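You will see two complexes here that share chain A, one where it goes with chain B and one where it goes with chain C.
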Partner chain A sequence: MAEQLGRTDAQRRAAPRSGTRTSSAPRSAPLERLNPLTKAAGPLPATVLLVLVRDLATPAAFIALALLLLLLGARLDRRNLLFLALVPAIVLTTGTSLSLWADPARFEETAALLRVGGWTLHAGALETGFATGLRLGAITALALLSGLTTTGPDVARSMVQQLRLPYRIGYTALAAFRFLPRFGHELEVIRQAHRVRGAHAGRGPFAAAARWLGTIVPLLAGAIRHGERVAMAMDARAFGAHPTRTERHVLRWRAVDTAAVLLFWAVSAALLLTVPALAG
Partner chain B sequence: MTAPAPLLRVRDMAIVHDEATQATPSAVSFEVRAGEVVLLLGPSGCGKSTLALALNGLVPRSVPAEVRGSIEVDGLRAGIDSVARLSTRVALVQQDPDAQIVTGSVLDEVAFGPENLLLPVEEVLRRSEDALRRVGLWARRDDDPAVLSGGGRQRLAIAAALAMGSPLLVLDEPTANLDPQGAEQVYAALAEVVAAGDRAIVLVEHDLDAAIGLADRAVVLDRLGEVVADGPVDLLRDRAEELLALGIWLPTATLAALRLRSSGVAFGRLPLVAAELREALAAHPVAVPRARSFPPGAVVPQGEAGGNDRAGGRTDGGTASARALVVARDLRISRRRTPVLHGVDLSIAAGSFTAIVGANGAGKTTLLQALCGVLRPPKGSVSIDGVDVGRADARLLGRRVGFVFQNPEHQFVTSTVLDEVAHELRRQGLEPDEVERRARATLRRFGLEHRAEAHPFLLSGGQKRRLSVAAALVAGAELLALDEPTFGQDRERAEELLALLSDLNAAGTTVLVVTHDLQLVAEHASDVIVLGEGRLLAHGPVGAVLADDALLERSGLRPPPLHAALRDVPGHPELAAVTRFAELPSSGGRAT
Partner chain C sequence: MKNAPTAYLITCAVIGVAGAVLLAPANWLSTAVFAAAPFAAVAIAGLWLLPAVIAMRLLQRPGAGLLVGLISGLVIMPFSGYGYMSIATNLWWAFFAELAFLLVGYQRWWTWLHYAGAAILGIVYPLLAWVSFDLGSLSTPALIGFFALTLASVLAATAIGILIADRLAKAGVARGVRPKRRWGVPAGDGPAGQH
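Our next item is the complex of A and B:
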């Protein structure tokens, strides 16, 4: 019983009933053991600065760094691997399509790589396109560091426990998250019902807008009623009774979290300062 | 034994809702002692759910209302002390399990309340384990509540209420949103709680067959919300006729006995449970006469519509002479690449009232939707009145079939009641004068003409339902299809809707309905389609199908309660095939 004290969702998923505590959960992946805030704060400066970067090598270096960390530090189940595959997919599709769409006239001074009829692919277009693709890929990869190793409840808990967010807000938001699948299903049923009744049939943006509006009213009516009932159920179970509430899942900010954030910042700075120079 | 002080004391309660003019409940006083199980009964609209919410102060503290009188629980005053404080005295289980679950795991859910009470972690876990073990969910503590069945989620809500540690548990229609299996699970869990004897329970419930065995006392409200009876549950038998006249639903055994008594079966006291009914019948030496000719829906005026006399010897698949309205040939449907229907062949007779039944996941809704073109069936596999549903356009289908969704609000597409009915007529391309004339005539027929300009969302629950049926039938559809129309409604609303359907059926509309309430099926349907794992297991007259115990068992269904009570009475083989009240001699009182 008491063994579950202080274990986070991610750890319980990784090692159910293993009888261990936070500090020594051996079977959970290393990144999962870090505080959720660590995984948000560490990559944050790099994520912001990447927007300003223009070369190819810097975002590529961050992609390599993030993927390496994820391969070593996250659980590599099928879902996570699919998300990792998303990164090169973003780089390739964005890079290719932007290269092809770019106005060739802008890059006339750069070398011509490919001619099809009157159209030319210049090296400059390719470089700009892939620089953007790599930036998007890098930002995605950095977001996955936290996204693949943290659960929603743990994010809410760390906001409440470390950032002192009032728990009434944190846990209400968490409860509201659970509405989403229900609303998705309800929206599907409403759309079906409206289709059957031939509501706002027809083509074009106006019919589509009318259809959308028509489904929003019953969805909202249902959502408000559902929200009220959930709020009553929470009240009836003493939600908000005291200024704080018992936390069974204690998320600690440990030395390793501070170290991880500082290390990530240092590595980010090093990459941002040296890579363009090396590649340039 | 000296009587301990009451745990709950309700005095002169009257509650006026924000938008209402009348108080319901209007005058309620009663007491509940520790460990007592009290049934709170009353006709729909008498305010029993409002009263349940007032017991922990949610009314008026979360739901605005004007409240007179007082409620005291264990030294706290509901409505004056905070809901959070009251929650340590009164725990609440509501109707919809989904509206009570706020976390991502079974254990977190039960721990949520004790955590709010700021109890130490060890105590939180001790209470959580104890509560989960009592409802049989301890083994599933790490699961996401979303993967539990409806019955499982409602048991979780009960565990969450138990974990609050409050001496009084209030349950408001806890099984109304559940199928029979789910309801059984919930009552098994409640029986455990009652057996432990450490909690007093106030139970608002329409399914008295399940509840009666647990209850010590009943408090009965009338339509105005005044207490008309308060005493041991025996009052349900001693004052049965009076309560029936008030619109209170009685246990199946009591209702059956009221009818049987008129044919000379002697009941020293009316029975409340099936065992008592069987005992009294076993002591009765002569065979019970059965009502000779009975229409499928006892509340329908008989013999008015031609071709509706389907009494007695009907043949398989409905009336032999009737024309087939809906025909399916080798109907196969897949959803998300999983086959749901594996080649269904059937033929539904025009003028029949056909119910589609089956266990969860049997494909009932898919079949209904495919037969009506809501889900496009493969070309050539379904026809309605000769029209191929797989090829027909929406306008043509609109004249053949009206489909009513479970929640009427989902299908409202205009902003006035009149437009809602006119919508389908306009789609059919009729002249404006004709549209107006027919729409108004339809509103009159469904008793909605006084609300013609109202917004559909502002109608009452019963009116919304009538409007959805009116809109489905306005273009002259001969077939009316409904998916679980009684889900989440109380018994009286369900009866009202079924009575409407029976009336429409008597006037010639073919009715096709998916439901899990087999007693309603028995009372109102003429034919039954039984589905199991996407295959047709049976299709025949309602009496034959519902009396086939082996078939029902194979399909994962429970027999309708009346049949379950009467099928094996010693010395009365003539009752073995009875499934509906109309087959028993008339009681001379209210038809049921």
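Our next item is the complex of A and C:
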């Protein structure tokens, strides 16, 4: 039991269970072992300051840093690799489209790169467009540090255990995760009922939209009624009767978490201060 | 919040989960559309406001919008990949569904207050997005489109949210959780027999 303490969801999932995994089963990745709050507190200052950055090199450096950390510290399964590939895709597409939407009059003095009829793509427009594209890519990459290595229930737990969020709210969030599969089932039942009655019949996008809209109110009504029954069951078990409660999964804030946050802040400050000057 | 009934908390959780189900595809749609035509992406921005508007209209309690925002942010995390940023984004949008009611001290629940909060968001969001998206570099028509679309989107989402909440209320949902007062009438001013 003692070794269960301080484990995050991702670690528990990676741990071998009842012999179904061999010894070659992946161990939990380094970033998954950190407290969920570490991965939010570390990148936060850099994320805020990146909004104000205007050059190309600084966001590019943060993208490199975040991708490097993710490649070393996150589990590299297919889903996570897909998310990593998303970052360059965001930079390229956003950078290109923003250069195209930019006001050509503002960049008339910079060199013309491309002429199509009366429209010209100026170097300045391309630079501004890609500065924004890289900035958004960097913010996404920093968010992925927590997004790819943390589960929602763990964030809810750490908000209760470290941030002192009232546990009734934290456990409400934990209950919310259990509603998701229930929603899918309920939606299927409502769709079948509508089909039997021939409601919103027909083909084409408008009939499909009407069908979709017709499920919202019954779905929510059914789910809220289910929620009320769950709440009654929780009340019957004296949920919230005491000011504190025991936790099944204890998450710890360790020395390594403090070190990771401080290190990330130091690296962020170093990058923000030196990169523009070096590139400059 | 400490004395909030469990049924109220769980009802917010349900609306939050419904919001997350709605926002999971919207999140990717908005990223894709933003990449192609930046100002057009805000056309669906109102969706982020929708769950909080439904909660505020249906439950009429302080904090309902923020709680829904927190929960939809937590539930959407595995689908968005944005981690804690999803929570911050959802809380930020939900805050504007609360703002107008916060300003009147949660004493009045007039319908127009929902629209007032949305209108504030419609003006504040493009101004804040100005810095992060470098809107100053866009051409004037694109800029006007950005402002107009944001405002239209949040107002439309508010109208839809109110419609859904009213139909839920009409269906008798969450009757035990909503305060016993008529729409827009502050507690105590209702007919005799109310508390």
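The working rule: the second predicted complex is superposed on the first by the 218 of 280 C-alpha atoms of A that agree within 3 Å, B and C clash if a C-alpha of one lies under 4 Å from a C-alpha of the other, contacts with A are read in each partner's own complex, and residues count from 1 in each chain.
As a working rule, contacts are C-beta pairs under 8 Å (C-beta built on N, C-alpha and C of every residue); 3 or more make two chains touch, one makes a residue touch a chain.
Bear in mind that the values here come from a model prediction, so they are computed numbers and not experimental data.
Undergrad: In the superposed arrangement, which partner chain does A:116 touch: chain B (first), chain C (second), both, or neither?
TA: neither
Undergrad: Of the two partners chain B and chain C, which one touches more residues belonging to chain A?
TA: C
Undergrad: Taking the superposition on A as described, I'd like to know which of chain B and chain C A:163 touches: first, second, both or neither.
TA: A:163 sits against neither chain B nor chain C.
Undergrad: Per the contact definition in the header, classify A:144: touching chain B only (first), chain C only (second), both, or neither.
TA: second
Undergrad: Should A:240 be classified as contacting the first partner (chain B), the second (chain C), both, or neither?
TA: The answer is both, since A:240 touches chain B and chain C.
Undergrad: Kindly classify A:255 by the partners it touches after superposition: chain B alone (first), chain C alone (second), both, or neither?
TA: In the superposition, A:255 touches no partner, neither chain B nor chain C.
Undergrad: Just checking: does A:230 make contact with chain B only, chain C only, both, or neither of them? Give me first, second, both or neither.
TA: In the superposition, A:230 contacts both chain B and chain C.
Undergrad: Quick one: classify A:183 as touching chain B (first), chain C (second), both or neither.
TA: After superposition on chain A, A:183 lies in contact with chain C alone.
Undergrad: Just chain B (first), just chain C (second), both, or neither: which does A:192 touch?
TA: first
Undergrad: Check whether A:175 is in contact with chain B, with chain C, with both or with neither, and answer first, second, both or neither.
TA: It touches chain B and chain C both.
Undergrad: Could you pull out which residues of chain A sit against chain B in one structure and against chain C in the other?
TA: Of chain A, residues 151-152, 175, 217, 221, 226, 230-232, 234-235, 239-240 contact chain B in one complex and chain C in the other.
Undergrad: Show which residues of chain B lie in contact with chain A when the two form their complex.
TA: Going through chain B, the ones touching chain A are 53, 56, 58, 61-63, 82-85, 87-88, 91-92, 94, 96, 98-105, 107-108, 111-122, 124-126, 129, 142, 146, 160-161, 164, 374, 394-395, 398, 403, 405-407, 409-413, 423-424, 427, 457, 471.
Undergrad: Which residues, counting only chain A, touch chain B once they are in their complex?
TA: 1-2, 4-5, 9, 12, 16-17, 151-153, 171, 174-175, 178, 181-182, 186, 189-190, 192-194, 196-201, 214, 217-218, 221-222, 226, 229-242, 244-248
Undergrad: Could you pull out which chain C residues touch chain A in their complex?
TA: Residues in contact with chain A: 1-2, 4-7, 9-18, 20-21, 31, 34-39, 54, 67, 70-71, 74-75, 77-78, 80-87, 131-134, 137-140, 142, 164, 167-168, 171, 173-174, 176-177.
Undergrad: If we count contacts the way the header does, which residues on chain A are in touch with chain C in the complex?
TA: The touching residues are 36, 39-40, 47, 51-52, 54, 83, 86, 89-90, 93-94, 97-98, 101-106, 125, 128-129, 131-132, 135-136, 139-140, 143-148, 150-152, 155-156, 166, 168-169, 172-173, 175-177, 179-180, 183, 216-217, 219-221, 223-228, 230-232, 234-235, 239-240.
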